[in-house]
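Each in structure tokens, the structures are laid out below.
Heads up, the next two complexes both have chain A, just with different partners, chain B and then chain C.
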Partner chain A sequence: MVNYLIAMLVTVGIYAVLALGLNVTWGMAGIANLGLAGFMAVGAYTTALVTKTFGFSIAAGMCLAVFASAALGILVSVGTLRLRGDYLAIVTLGFAEIVRLIASNETWLTNGTDGIAGISGPWRGQLSPVQFNWVYLGVTAALLAVSLLVCQLLARAPYGRVLRAIRDDETLVSVAGKSTFRFKLQAMAIGAGIMGLGGAMYAHYISYISPDVFRSLISLYIFLALTVGGTGNNYGALFGSLVLIALLEGSRFVFATVPAINAVQLAAAREMLIGLGLLLVLRFAPEGLIPERPKIFTRAATDITPRN
Partner chain B sequence: MAGLEIVQSLINGVVYGTLLTLPAMGLTIIYAVLRFPSFAVAAHATVGAFAGYVANAVFGMPLLLAFAAGFLVSGLVGVLSDEAALKPLRGRGPLTVAIASIALTIVLENVLRFAFGNELRGYDVPLQRDWMISGIRIGPQQVVNLVVSVVLMLAIFAFFKFTRAGKAMRAVADNPMLASIRGVDPNMVRRFANFFGMALAGLGGMLIALDTSVNPLVGFRIMLPIFAAAIVGGMGSVPGAVVGGLTIGIAEQMSLLVIPPIYRTAVSFGVIMIVLTIRPAGFFGERGN
Partner chain C sequence: MEPLLDVSNVVKSFFGVRALKGVDLVIGRESITGIIGPNGAGKSTLFNVLSGLYPPDAGTVLFDGQNITSWPPERVTSVGMVRSFQIARGFPNLTVMENLMVYGPRQPGEHLLPAVLRPANVRRREQELEEKAYGIAEKLRLAPVLDHRASDISGGQKKLLEIGRALMTDPKLILLDEPMAGINPVLANEIADDIIQINEMEGITFVIVEHDMAMVAKLCDPVIVMAEGRVLTSGSFQEIVDDPMVQEAYMGVSP
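Now for the complex of A and B:
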């Protein structure tokens, strides 16, 4: 039981990192990156390959994962970021599918749909499974803390203000003399890099990855986590991931008690729940549980505006 | 022999492209009027495929009636799901609505998966031998599909050109404010756009399923080609969707001559990237940027 709870906490931590990455692009800069699953996959495969094939350390593998995802984030968006946001949404969604195609078919590199097994974990050989879980919980907490720190620094710095301004009114920002393209490209790279880290954390924890893990549905999970928590708020990303895992795990147990439901229906019901959950939150609680700004500031800001 | 192969690919491409054209038209009509890329066309293609399947294989209706069922059911589901899920979000920007349309897709797809399971199903149509015309293989079903798509395409053009509702839709797409001053009810027009857009997606999905199989992923599998077709033609342009559909269909089938079939989806992605880099507004997109 304790082991299960630790495993769930690690999962929450990994989703929280992914949601933080999404918060940089979508929450702060307002860029609809729907390719989360793709960037996660790139991170996971990068670290799996370099640690297994070239014997890199896990830390080096994770760093390379971040860089590889960030580089692809730039590559995918450099052509489309100048256009309207909806094009980027389509392109990134397509990117995630292409990553999955490549992972499934370039068997020489990725072992195809069989996936890559036996990915190393920190001290996995020397520890009992329970001890390993504890160690990895620590690793996850540390990496999450670093990501959170980076994102908080970004959000508080003038840089974060520019991103939020681009989200709220891009024309205004470019009139003020900022290159919105450069800022958006950087936000995309940072977000993709963080998502790559999330993927790498997943790979070293589970020790097995396959193309099936990185379905586009994952992107929706992460959108749900961030929206529930509070889009634009880094702590919202954390809290929302907790809610997401509670929902995913809770529904597994609840739906399984329904008699005469088969495995496919169980999976379908859970996916339905996620989609429905996102629609409901978007409609009835768009600010999430931890809104970006406390209510009182919002009101003060609107009071002041007419006087300017 | 190589020459024959190319001609065969070209024909396959035209047939497949014509099928793609219907959902691409649906996407582009909704985009023109409602101003967001609706990923839910994928789900409605699947809804249409299943509606046609139930009409044809469960209730034993002839294929022509099943086409009508696929068209009507997906159109109605389109209007209802939009009213329930997407309409309340419209004030919050196209990207939020686009993301919600993905959530809606997941919900609809899984309702079907819950009801029908994952297995591949087929329509109740007699197996027909392909015709061989001087070395070129053509399936009778392909011809039927081609005729149905072309007739529908012409009907849609006539609708926009000649009917009051069609003109109202174009007016709202051009300038909603001006249209409402002239007494056109934008809400009614949006409902119309949703109905037609999703009905076309549904019929397209059914035609594609006739060629392959009915399963919950019918729509999701053609999502990238549909978007590629609409982007190539210029988002919001109905003639563009026809040109785009044919372009993608032919490009995808021709590419099979040189790349493994598994990568055919990648062709759509490649075309999207190229078009967005070189000519972001597409062939016909006057308001592409």
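Now for the complex of A and C:
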């Protein structure tokens, strides 16, 4: 049971990293990026290939995964960022499918639909499965903390202010004297890089990846996590991932107590529960459970000059 | 002295409709110039071309001796010409303070590495911009709502924020698109006084599109009249009012 809980916490951590990446592009900059599964796949395959084929260390593999995904984020952006929101969503969704199809068909590189097995994990050989789970929980927590730190620094800097302004009114930001294209390109690269990190974390944890893992359902799950947690708020991304996994996994136990439900019905009921959860949050807390908070200007409280 | 803004023969069509049919005008330094004209005269299109939102089909725009024709908005703003919008825009989910700060120029913290590392020059610039934003907010009576979201302030305050944001860019010229439209006469008068004061104290040139003739009379000299995509005439407000050509453009008949 403890082992299961740790595994779930690791999953929460990986989802949270993915949600942080999505928060940079969608939450802060307002770029409708549905390509999360694609960037995640690129990260996972990059690290799996370089660690297995070239014997790179896991750390090096993860770094390369981040760079590969970020580079692809830039590549996708250059041609598409001038598109309006809904068109961009369709194009990025298509991009994720292309990545999955390449992974399925370029067998020489990716081993096709059989996937890649035996991806190394940190000290996996020397540790018992339970110990490994603990170690990986630590690794996940550390990588999540670094991602959160970077995202928080960006969000609170003047940079993040411009991103949120672009989300609200892009034309107005160019009238304000800023090149919105540069900001959006960078936001896509950072977001994609973090999504790639999430994919790499997944690969080294599960030790097996196949194109099937990176279906667009995962993009929707992460969107859901971010929306529930609070779009635009990094802590919302974390909390939303926790809620999502709690719903997904908790429903197992809840439904297990209902005798009349068989396994197939259970799977369908879980999806319905997720949908219901989203509807309830959107109805009663449309900005999410931890909404984005505007930055309060401190001098207004301490200023001693009289004001009318 | 050369004019601050020199527009010659600017043409702009939309799908065959010629919105601007060769506009020529000059704007003198530190003036408050009014642009009036009936609906469809091309005033808003002219502002969109001048501010860089639409490139013109033909013609040249010289600003402060520099050819800025077809420049994108961010470059136009960075050399000192910035516009406001007729229907107050603003960033609804940002506070009034943040709305002002986004318009602040030369903040190194808007680049990636300085944003993460936050060196001293980022903090210093942020402080300068905060001082400036605070001063502007006080002048425009926005200080009490600095921490409110821009979506939560009154219509009149949104109009003031339009002007405030423009002021943040250190402009030489502000293009105001109907700054008094849809607000009560008392506030309209206050805004007119603000504009006069900013013009006199800081030497900022204003070009104002406005339909409220009392305000145009109070604020603007000279006044440029546009009709059907061209400049019809220009002069002092009294000269314009007495001009039979202007009366015809507005009324459709010669008196």
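One rule holds in what follows: the second predicted complex is superposed on the first by the 262 of 308 C-alpha atoms of A that agree within 3 Å, B and C clash if a C-alpha of one lies under 4 Å from a C-alpha of the other, contacts with A are read in each partner's own complex, and residues count from 1 in each chain.
Note that a residue touches a chain if its C-beta (ideal position, glycine included) is under 8 Å from a C-beta of that chain, and two chains touch if they have at least 3 such contacts.
Note that the coordinates shown come from a computational prediction; the quantities given were computed from them, not determined experimentally.
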| item | value |
| --- | --- |
| Partner chain in contact with A:T171 - chain B first, chain C second, else both or neither | second |
| Contacts of A:L34 with chain B and chain C, given as first, second, both or neither | first |
| Touching partner for A:R293 - first (chain B), second (chain C), both, neither | neither |
| Contacts of A:L279 with chain B and chain C, given as first, second, both or neither | first |
| Which of chain B and chain C A:Y159 touches, first, second, both or neither | second |
| Partner chain(s) touched by A:R252 [first = chain B, second = chain C, both, neither] | neither |
| Partner chain(s) touched by A:G85 [first = chain B, second = chain C, both, neither] | first |
| Chain A positions touched by chain B in one structure and by chain C in the second | none |
| Contact footprint of chain A on chain B as seen in their complex | 36-37, 39, 85, 88-89, 92, 94-96, 98-100, 102-107, 109-111, 113-114, 117-118, 223-224, 227, 231, 260, 262-263, 265-266, 268-269, 272-273, 276-277, 280, 289 |
| For the chain C and chain A complex, residues of the former touching the latter | 51-53, 72-74, 77-78, 82-83, 85, 89-95, 97-99, 101-103, 105, 107, 109-112, 114-116, 118, 122, 126, 130, 134, 138, 141, 143-144, 146-147, 149, 165, 169 |
| For the chain A and chain C complex, residues of the former touching the latter | 150, 153-154, 157-162, 164-165, 167-169, 171-180, 183, 186, 190, 232, 292, 294-297, 299-300, 307-308 |
| Residue ranges of chain A in contact with chain B within the complex | 30, 32, 34, 79-80, 83-87, 89-91, 93-95, 97-98, 101, 104-105, 217, 220, 223, 262, 264-265, 267-269, 271-272, 274-276, 278-279, 282-283, 286 |
